[in-house]
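Pasting the structures in now, so scroll down.
Look for subunit A in each of the two complexes below; its partner is subunit B in the first and subunit C in the second.
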Partner chain A sequence: MKRFGWLLWKDAVTELRSFERLSTLLLFAVAVLVTLHFSLPPESTARPKVAAGFLWAALLFASLLELRRSFESERRDGTLDGLRASPLDPSLLYAGKVASSVVVLGVLAAMLVPLTAVFFSGRPSGIAPAIGVALLGILGLVAWGTLFAAVAAGTRGAEIVLPVLLFPLVVPQTIACVRLLAYYLAGDKLSSLGTGYILLGAFDVLSLGTSLLLFDYVLEE
Partner chain B sequence: MTAVSVRSLDRRFGSTRVLRELDLDVQDGEHIAISGANGSGKTTLLRVLSGLLRPTSGDVKVLGGAADDPDIRARIGVVGHTPAIYARMTASENIRFWTGIYGVPPGRGHEVLQTLGLDPADKRPAASYSQGMRQRVSIAIALSTSPTLVIADEPFAGLDDAGSTAVAALLRDVPTLVVATHGGADGRHLHLRDGRLTAA
Partner chain C sequence: MKRSDSLPWLAVGGVMAATLLAFLYAPTEQVQGNIQRILYVHVPAAWLAYLAFIIVAVASILVLARRHDWQRFDRIASASAELGVVFTTILLALGSIWGRRVWGAWWVWDARLTSTLVLWLIYIGYLVFRAMSPPGERRARLSAVIGIVGAVDIPVIHFAVTWWRTLHPGAIAPMPGGSTIPAAMTITLLVSLVAFTVLFAVLLTTRIRLAEAADRVESLEALEPARV
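Up next, the complex of A and B:
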């Protein structure tokens, strides 16, 4: 646990020095949302209906940026070799990366969800549960994404490899996430709220467990 | 006891055979300096010994076990080809982080920093350091755990004369040392050529 704590401390120190990660992701995600906002005519009644999809698209693309960064900088700076040569259990390295990315993306989601409600849906009552749903979705996304980011970091064309590997796997979770977000942000009808949460939760457990088992092999050279 | 035992080590990258049935024995307390032309495989050999690369074939034992055993890794200090330093952290914060990962107090690391002419109280991030300064921090990190074995890839790279002298003095005190270098190291000298080691 102490080693896990040190991994989080390291990321906290480096991020708090510059806020580079969060500010980059926020600028990117807001740019996506604003662009999509202006893609609809001012009088459009479709705004609430597209709010969930637009929000998740912004979070998904921001997550790709974050996931790529998480291993690229370590590989470039030689620190990934240092971590691999240390007595650190690879599963702790994985857990540290996931936790760090979930925190940053969680803060991003907490900022984007209210913005989405303002730009698109105008339903402030749905903001808090929508943030919770976004966090659940982010967890599954980051769980797989951290594994594939480690795979992609050592390859040419890493920008292509990560989304190609990640997108097919997160389709079920994306559907569940968007449906739940639509329920909270737009008041869409949902046949079973519980089913959506069960699907998200199961996806998170599956993606975390599988990635944890595979991570050690992915790091090997 | 044999600190490092390598038998018939082969390492290929695709069709390129970098190490060819390489044998190496390093006894406890011995210092080995490995030289060789650029691209001869020195870094590859040291990465295999550090557990960062798997052999394509052959047997490698470090400190009596596999190089990827966490208990064995805890006793090895590695100075890599690229200094493993977090650029936004200070030298002291890097020492604290890495000693935290290894589960040892940071005091020894700070001592080595001072021996190498760096101030542990320096608040500048490592990104503002010269290459020589980053190399010194990297060496301080490797020695901060008081390792039984140090594996160092070009530890004198980027260092001025004073730095090289200080590093050489520190490495002399290391129990067992395997260093890849173009010069400046004491001990038994081996030459890596055509994927094999010969006496220099």
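Up next, the complex of A and C:
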């Protein structure tokens, strides 16, 4: 447990310490939101309706950058080999990376959700629950994403391979998260809020569990 | 004549028979008209796409579980994935043509079509990954991981998409059909299913043999590199 804490600390602090990195991610996400905003005609009444989708899209693209970095920096330092050689359980390594990416993207989401509400001027019924929902979605995204970032790491064109693999597989999280976000950001009717949360949670458990099982195989040799 | 030689002929004969039945024997459907005949290929394509991906899933598990024999199972998995993508493409294309005629739209986002599209993307991703990776044990192992994740996630995706559809009920693409289906149609469909399954078996075994031959050539070249 202490090792896990150390891993998390090492990754998350290295990341957060470089506010430069986090603020660049934020800038990137804002640029995405602004670009997507132009898909609508001015004064469009559709603006609140698309807020949730645009937000999730921005988070998806930002997560690609964050996931690539998650393995990139260690390969460069050679610490990946060092980590492999250590008696550290690959599952711990996986959990550490997931946790640190969730922290980084979570901080990003905490800033992005209110910003989206402002940009797309819906009648948000809850910024705080919306951030919570975004975090749940990010958890599933990072669960699959960490596994596939490791898979893609050795290939040429890895920056294409990761999204090509990841985006179709996170469709469940995409659907559940965006529907819940739309409820909070735009007042979309949702027949059962509880069902949405349960589904999102179940998707997350599935992706975390499966990735945890398979990560050993990816890290071999 | 070796037993394996007769299977391709059986496949060709079967598909020809199915085609003749589909155009000459099966009656014209009352509501849809002749476009309904497309289903005699569309339905087998769907069945074979799912069969192919089940094979990918099982072979992928075996790649990881039977390490000493990983090459054999890797060849099976990748050959089946290729065929799966081919048949899913056929499925989507024929379905689109049918839909344009019957629903008036080339594409609708109903649960079935959406799930199939995502399935297609996942397995194309599998092939893209393989194309971008140097061949060997690592590629086989990682492909197996992708294959297993795909198989696990597909029912989840289908469920999620179905739930998403239920949030706005009423927009379900109707499947036209009479209350009783004439026996001739059922017979034609069955013949077609069998014929295309035999064709699938031929294509799969041929593709696997091709991969084996390619691997043999590679190992020979490693022993004695070709002189320039």
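Here, the second predicted complex is superposed on the first by the 209 of 221 C-alpha atoms of A that agree within 3 Å, B and C clash if a C-alpha of one lies under 4 Å from a C-alpha of the other, contacts with A are read in each partner's own complex, and residues count from 1 in each chain.
Here is the rule we go by: a contact is a pair of C-beta atoms (placed from the backbone, for glycine too) under 8 Å apart; a residue touches a chain by one contact, two chains touch by 3 or more.
Nothing here was measured: the structure is a model prediction, and the numbers come from that model.
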| item | value |
| --- | --- |
| Which of subunit B and subunit C A:89 touches, first, second, both or neither | first |
| If touched residues of subunit A are counted for subunit B and for subunit C, the larger one | C |
| Which superposed partner A:9 touches (first subunit B, second subunit C, both, neither) | first |
| Which of subunit B and subunit C A:123 touches, first, second, both or neither | neither |
| Contacts of A:157 with subunit B and subunit C, given as first, second, both or neither | second |
| Partner chain in contact with A:49 - subunit B first, subunit C second, else both or neither | neither |
| Where subunit A meets both subunit C and subunit B, residue numbers | 220-221 |
| In the complex with subunit A, residue positions of subunit B that touch it | 47, 50-54, 70-71, 73-74, 76, 78, 80-89, 93, 97-98, 100-103, 125, 141 |
| Of subunit C, residues touching subunit A in the complex | 64, 118, 121-122, 124-125, 128-129, 132-133, 137-138, 141-142, 144-146, 148-150, 152-153, 156-157, 159-161, 163-164, 166-167 |
| Residue numbers on subunit A that touch subunit B, as the complex places them | 2-3, 5-7, 9-10, 13-14, 17-18, 77-79, 81-89, 220-221 |
| Partner subunit C, residues of subunit A touching it in the complex | 144, 147-148, 151-152, 154-158, 160-161, 164-165, 167-169, 171-172, 175-176, 179, 190-191, 195, 199, 203, 206-207, 210-211, 214, 217-218, 220-221 |
